[in-house]
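Pasting the structures in now, so scroll down.
Heads up, the next two complexes both have chain A, just with different partners, chain B and then chain C.
The block that comes next holds the complex of A and B.
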C-alpha cells in the first residue's frame, strides 16, 4: 500500500515536473548580440537573435536556401520590378495585424536609422527606387539596378510594426520622412523591449547586457507553436567555462565549444554534438600587383607573386588535409573553391588542390626561383579558428619547398586596418557568404574595384582579370537563376586558375547539447531555439 | 585649509587632463575602429557617412577637443559598438563588479587576518608553516587557471555551484544586487573566491609579518610583564597596531579590483566593468575605453583627495598649508 502510494507520488511528480522542465531552454552563446534593434548591426549573433523575435519577407533554411516567410510568393518581371505577396492573418506580438504598411515602414526605417552601423541594410533599400502597396497584402519593389539576390538579402531585413511610431499615410519616400510624424526610433529604444515587437515565433521578455536575453513563446505566432515556453541566451565568451557549464548541467545547448574539447563529450552518453560545415572559407590573398611588394624579398628584386607559376607552386606546397587533421581537429572541410560544393553558383566538383611539394619545387625553378625567396605571411591571431597556427603551418610548408616564410601575427584590431591599407604581401582572410551563393565572395575579393566600391571592396592584392570582371559584372545583374549559376561557375573557375587566392578550408561550426535534445546545425552559424528539438 | 584643498583640487584636475590626453592618444594609436565595425561589403558612400557621423575623419587633436568639450558637459560619448552612451554602459555594470569585489575583500579579510595572526604568533609551528606555504600558492597561481579549476571542482565534479554568469537579482534603492538572493550568492561564490585567494594570501603575509615584529616590541613585553592575558595582548595591542598597513593595502586593492578584475570576470562570464573594458579594447570601442579609464581615474583621484583631507583632519601633526605638496 505504502509502496503504491510512493510510486504513485513519484510518478505524479515526474508527470508534473517533466513538461515544465522540458519547456525552458538555456543556451550559452560565444558572442553576445550588440543590440535588440534588428536594423542596428548586420552581425551573425545579432541576426540569429533577431530571427527569434522578427520575421523577414523571406528566410534562409539551415543550408541557406531561400524560403517564404512573411511573403508567401514573389516574382519579378525579368528586369527591376519585384512583386511580393504577403502572408494573410499574421499579427504582431502586440496584436496589430501585419500589412504592407509595416513593410514600407521597415524599409524606410533602414534609411532613417541614424544610429545604425553603416551598411546595416541601408545598402539593400538604398537600391530601391519605389516601393508600392497596390493592396494591403502586396508589395511591389522597383530597384535601380537588377538585383537577382533581393529575396536572399530580404531574409535578414526584419519587419517592424509600424504601430511603434505615430504616422500618417506611409509611403516609401525618405525625403518626406515616409509619412512618419513622430521621431524615428534609435538603437537604445529597443533594449527595454517596448519597441521589440515582431511577428516571430518568440517575443522579447528581458535583456540585460552581459547577463542574458530572455524570450518567451509568442502565442500569436502564425506558424506552428514552438515547443519551448522560455528561452534564455547567456553570453559566455570563453570556450572553457562554456563547455564546463554544459558538463555541469547549467546550459542545455552551447555553441562553438573548442574542437579539441569535443573528445571530452564524444564518449559521454549525457551529451550530443553536431559538426556542421559553414560557408566561411579561409584563404590567403596574395599581392599580385606591386613591384616590389613590402613583405617579399627575392634575389632578382622582383615580386615573384606576380608569376602564376609561383602562386600555383605555393598552393601545391600546402597539405590541406594535414592542417585540418592536426590543427583544426577535423572540424573543417578542405576548400578547393570559395563556396562549398553544391551551393548556388559553386562548382559541383572542383579539381582537388593536391599536396605535391616536388611539383611545387619544379614550378618554382621553372619560374626562375630555384632557390626560392623570402616571404612574410600576415595573419590575425584572434579572429578565425586557430588562425595563427594555420599560418604557421603554411609558413613551414612553404619553407620546405624553398620559400623561406615567416609569420607576422597580430590582433584583429591592428590587422584589419593595416590590411585595408594594403600593407601586407600575403594576408590571411576569411569570408562567410551571408547570401549563401557564389557571388558574395567573387564580387567582394577578386573583382576590380568600381568607384562606389560596391564590388571589389576587399581586393587588397590588386588582382585584375578583365575576363573575370566581365563575368562577375554580368552575373550580379542576371535574373535568370540557371544562367546566373553558370556564369558564376565560370567566374569562380577563372579565379581558381588565377591563383591569387589560395583557399585552405571551410570552418565547421560545432554545437553541443544535452543528450535529450537535438540540434541540426546551420551553415550560416546561427544558433536558433526554433531548431532545437527534443530527441525523443 | 581652503588653500590646501584648492591646491589639491587643481592637482586632481591636472591629473585627469593628463590621463585623458594619454588615453585618447593611446586608443587612437591602436587602430581604426571602422575596419572592425563596418562589414567589408558596405559601399564606399555608406562607409564615408559612418566615418563622418563618428567624427573619425577629423584630425586627432580636433577629435580630442570635441571629446573634451563634450566631457565638460558630462557627455563622454556614445559607444561605437552598442550605440548607447558609454557612461550608461559602464554604470550599468558597476553594481555587479562592486558586489563581487565587496564579497571578495570581505572573504579575504575574514579568513586572512586570523590565519595571519596564527602564523605570526607561532612562526615555527607546523600549521603556521603550512599557512605560509599556502600563501605562496595563493599568490602565484594564475587567476585564469585557478578559475577553471574552481569551476571544474565545484561545478562539474561536485555540482554544487553554477559555472558562470550572474544569478537572480533584487533591486535595492534602484540598484540591482545579487547579494540578497540564494541564486545570486551561489553565482557569486566562485568568482568571489577566485578574486579573494590572492588577496587573502596578501593579508596573511602582511598580518603575519606585522605580528612577528610587534610581538617583540617593548609595549608588548611590558604588557606581558604586567601580567596582561595573552588574548588581550593580541586583540588589543598587537592587532590594533598592525591593522594600519593592512587597511591601507586593502583599500588600494579594493580600488584596483573594482577597476581591473578583468580576468576573473572573463572566466566566470561575470557582467562587470572589467569584462566591458576588455571587450571594448578588442573591438576598438574608443568612447567606452576612454570613458572607462576616465571614470576609474576620477574614482582614484577622488578617493586620494578625500584620504589626504581626512588624513590631515585626523592627524594633528600634518599641517594644512598651501606649501605642502
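The block that comes next holds the complex of A and C.
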C-alpha cells in the first residue's frame, strides 16, 4: 500500500514535470546584457536579448541577411525617401495594436533618450529629416543624405509601444517633443519590467542584475509560437563554471566555452557544439589627440601616441599569431583590417601586420623614444573572449620593445562609461559589424564626429584625418553598391595607414548545448532562444 | 622619574618575564605550534628573499613570454628555464609568481594590520580617556563599521578608488581599525580604574602623558595578541578582494589573484595555475592562525 502510493506519487511528479522541463530553456551567457531598455546601449549582448522582447522593422538572419519583420516590404526612390509597409494585425504584449504611431514614437525616443550610452541608435534616427505616416500601416522616412543601409540599421532599432507614455498626436519633431506630454522613459523603467512591452516572441518576466533575466512565451506574438514556454538567461562570465554548468546539466545552451575545452565536448555524446567565425574585430584605440594623455608618461612630457611612427611600432611589436595560438586557442583569425576579407567593403588582400620587434624598436628610436615610455592599457575583463588576457599579452609585447606597459582591467559596467568620458589612453575595443559592411566600424570609430553625431560616436581617441572623413562621408551616402564598396576600401586603407587603431583578431564564437538541442550559430554572435531547436 | 611609575614598571617587568617564559615554554611544548612557527619562518624568509631566489621576475612583463603559457609543472621553456610548478596563462613561472605573491600578501597583511592597529589604538585610547561625548561618538562609529560585512566595505571602497597595493592596504585599514578600537577601549578602561593612574592624575600629570606613558603600555598587550590573528584575516581579505578582481593590478598578482587566474583553467585539467598558489595561501594562513591562536590562549586574551 505504502509503496504503491510512493510510486504513484513519483510517477505523478514525473508526468507533471517532464513537459515543463521540455518547455523551459536555460542559457548561460558569457557577457551579461546591461539593460532591458532596448535603446540604452547598442551592444551585442543587449541587442541579442531585446530581440526576444521587441521587434524592429526588419531583422537579420544568422548570416546577417536582412529580412522583413514588423515591416513586410520596403522600397527606396533612388534618393533619400524610403517607404516601409507595416505588418497588419500585430499587437503588443499589453494588447495594444501596432501602428505607424509606435514607429514614430520609437524613433523619437532614441533622440530623447537621456540615459543612452554613446548616443546609441540616435546615430540612425539623427539622419532622418522627416518620418511620416500616410496611413496607419505605412511609414515614409526621408533621410538627410542617401542611406543605402537603412534597412540593415533598422533591424536593431526596437519598436516600443507608444501606449507607455501619455501623448497627443505623435509627430517626428524632436523640437516639439514629438507630441509626447508625459516624461520620456528612462533605462530604469524598462529594467523593472514596467515598460518592457514589445511585439516580440517572448515577454519580460523578471530581471535581476548579475543573476538572471527571465522571459516567457508571448502568446500574442504574430509569428509562429515559440517552442519554449520559459527562457532563463544566466550570466556566467567565467568560462570554467559555464562549461561545468553545462556538463552538470544546469544549462541547456552555453555561450563561448573556452576553445581549449571544445575537445571535451566533442568527445562527449551528451553534448553538441558549433563554431562560427564572426565579424567582431578586437583592437586597441589610441588617444592621438590629447597632450598630455592621462595614461601615458614619456620623458619629454609629450604624448608619443600622436606620432604615427610610434603607432606603427606598437603594431609591429605585437605577435598576433602567438596571441591567437596561445591565448585564443586558435579560435580566432588574425585581423589585418577591421572586417574579415570577403565582407562588403573589406580589403580583398590587406598587407599582413607582421611581428617585427627589431623594426619596432628602430621606429621608436627614430621617433625620439629610444628608451620607450610608460603606458597603461585599459581593458574590460568580462566582455570579449579572453579580453583581459589579450591585453596582458599585448602589454608583454609592448614592454619587450621598451614601452613599459601596465594593465588596468575592469568590469565593463565601469569600463564603458569611463571610456566614453575619454578617461583612457589606450583602450581595448571590440566591434561586430551590425550591417555586415565595412562602413559599420569606419563611420563609428575613426570618423570625426559631425554635429548630429550620426558618425564618429565612438571616436574617443580624437582621431582626425580629413581625407578619410571625406571618403567615409561619401561612402555612407552612395547607393551604388560597387562604388560604395570601392570607397569603403579606400577609407579602410586610410585608417590602417593612420595607425590610431591597432587591429588584433576576429573572434570566432562557440556555442555548446545538450545533444537533444540544436543551435545554428550566428555571425553577429547573438545568442537567441528563437534559434534553439529540438534535435530530432 | 616619579615613584608610582617605577614601582608599577618593576612589578610589571617581573610579571612580563614570567609570562614570556611561560608562553615560550608552551609554544615549544606543542608540536603543532612549533611546526607552525617553523613554517611561518620559512614562508617569511622565502617572501623576503623572493627577488634573489625566484627564477624569474614575474612583475617584469619583458621577462615573460606568452609562447610559454600554461605549461605543465616541470616543463622546459623556450628560454631554457625549467618551470618546476608550471606557468600561467601569461607564461608566468608559477614558482616565481608564488614567491612574489607571498611577498605581496605578507606586505599587505603586515602593513595594513600595523596601520589598523595605530588607528584603532589611538581611537580606543581617546575614547577611554575622555569618555562622555567623545567616547560615544567614537564608539558609535566603531559600531557602525562593525555592523557591515568587511568585504562589502572594502569592495565598495576599492571600486571607487581603483586598484593597487596601496589602495588595498588603505581599504583593509579602514575595515579593521574598528575591532582594535573596541578592544583597546575595554582594556584601557580597566586600566584607568587602577590606583597608579589615579595617583598620576592627582599628581597633575598632563593627560597626554597619562595616555601615552601609562595607559598605552599597560593595556596594549591584549590588542597586540589579537592582531597576530588579524594578520591572517587581512591576508585573506586581500586574497578575496584580488580574487574578485578589485585588489592588486593584474600584472602584479598576489596569491588571491593567481588563484583567480587559475580558476577558469581548473576544469580544463590545468590544475597547477590555481592549486599551487592555493596551497601557499593555505599554509600561510594556517601557520599565522596557529601561532596567533596559541599566543592568544597563552596570554588568556579574549578577542
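Please note the rule applied: the second predicted complex is superposed on the first by the 305 of 536 C-alpha atoms of A that agree within 3 Å, B and C clash if a C-alpha of one lies under 4 Å from a C-alpha of the other, contacts with A are read in each partner's own complex, and residues count from 1 in each chain.
Just so it is clear, a contact is a pair of C-beta atoms (placed from the backbone, for glycine too) under 8 Å apart; a residue touches a chain by one contact, two chains touch by 3 or more.
These numbers come from a predicted model, not from an experiment.
Engineer: Now for A:399: first (chain B), second (chain C), both, or neither, which partner does it touch?
Structural biologist: In the superposition, A:399 contacts chain C only.
Engineer: Chain B or chain C: which reaches more residues on chain A?
Structural biologist: Greater contact footprint in residues on chain A: B.
Engineer: Is A:381 in contact with chain B, with chain C, with both, or with neither (first, second, both, neither)?
Structural biologist: Only chain C is touched by A:381; chain B is not.
Engineer: Of the partners chain B and chain C, which touch A:261 in the superposed model: first, second, both, neither?
Structural biologist: Touch partner of A:261: chain C, not chain B.
Engineer: Is A:238 touching the first partner chain B, the second partner chain C, both, or neither of them?
Structural biologist: both
Engineer: For A:490, decide between first (touching chain B), second (touching chain C), both and neither.
Structural biologist: In the superposed model, A:490 contacts neither chain B nor chain C.
Engineer: After superposition on the shared chain, which partner residues are touched by A:249: those of chain B (first), chain C (second), both, or neither?
Structural biologist: first
Engineer: Where does A:412 make contact in the superposed view: on chain B (first), on chain C (second), on both, or on neither?
Structural biologist: Touch partner of A:412: chain B, not chain C.
Engineer: Once chain A of both complexes is superposed, is A:322 in touch with chain B (first), chain C (second), both, or neither?
Structural biologist: A:322 sits against chain C, while chain B stays out of touch.
Engineer: Identify the residues of chain A that lie in both the chain B contact region and the chain C contact region.
Structural biologist: Looking at chain A, the two contact sets intersect at 238, 240-241, 244, 411, 414.
Engineer: Would you tell me which residues of chain C are touching chain A in their complex?
Structural biologist: Touching chain A: residues 60-62, 64-67, 69-70, 89-91, 159, 162-163, 245, 249-251, 263-268 of chain C.
Engineer: Mind listing the chain A positions that touch chain B in their complex?
Structural biologist: Listed in rising order, the residues of chain A that touch chain B are 34-35, 37, 40-42, 114-115, 117-119, 122-123, 126, 186-188, 191, 208-212, 234-238, 240-242, 244-245, 247-250, 382, 411-414, 416-420, 440, 444, 451-454, 457-458.
Engineer: Report the residues of chain B in contact with chain A in the complex, numbered from low to high.
Structural biologist: 30-47, 49-50, 53, 78, 81-84, 89, 92-93, 96, 147-148, 151-152, 155-156, 159, 162-166, 266-269, 271-272, 275-276, 279, 281-284
Engineer: Give every residue of chain A touching chain C within the complex, in rising order.
Structural biologist: 238-241, 243-244, 258, 260-261, 264, 319, 322-323, 326-327, 381, 388-389, 392-393, 395-397, 399-400, 404-411, 414
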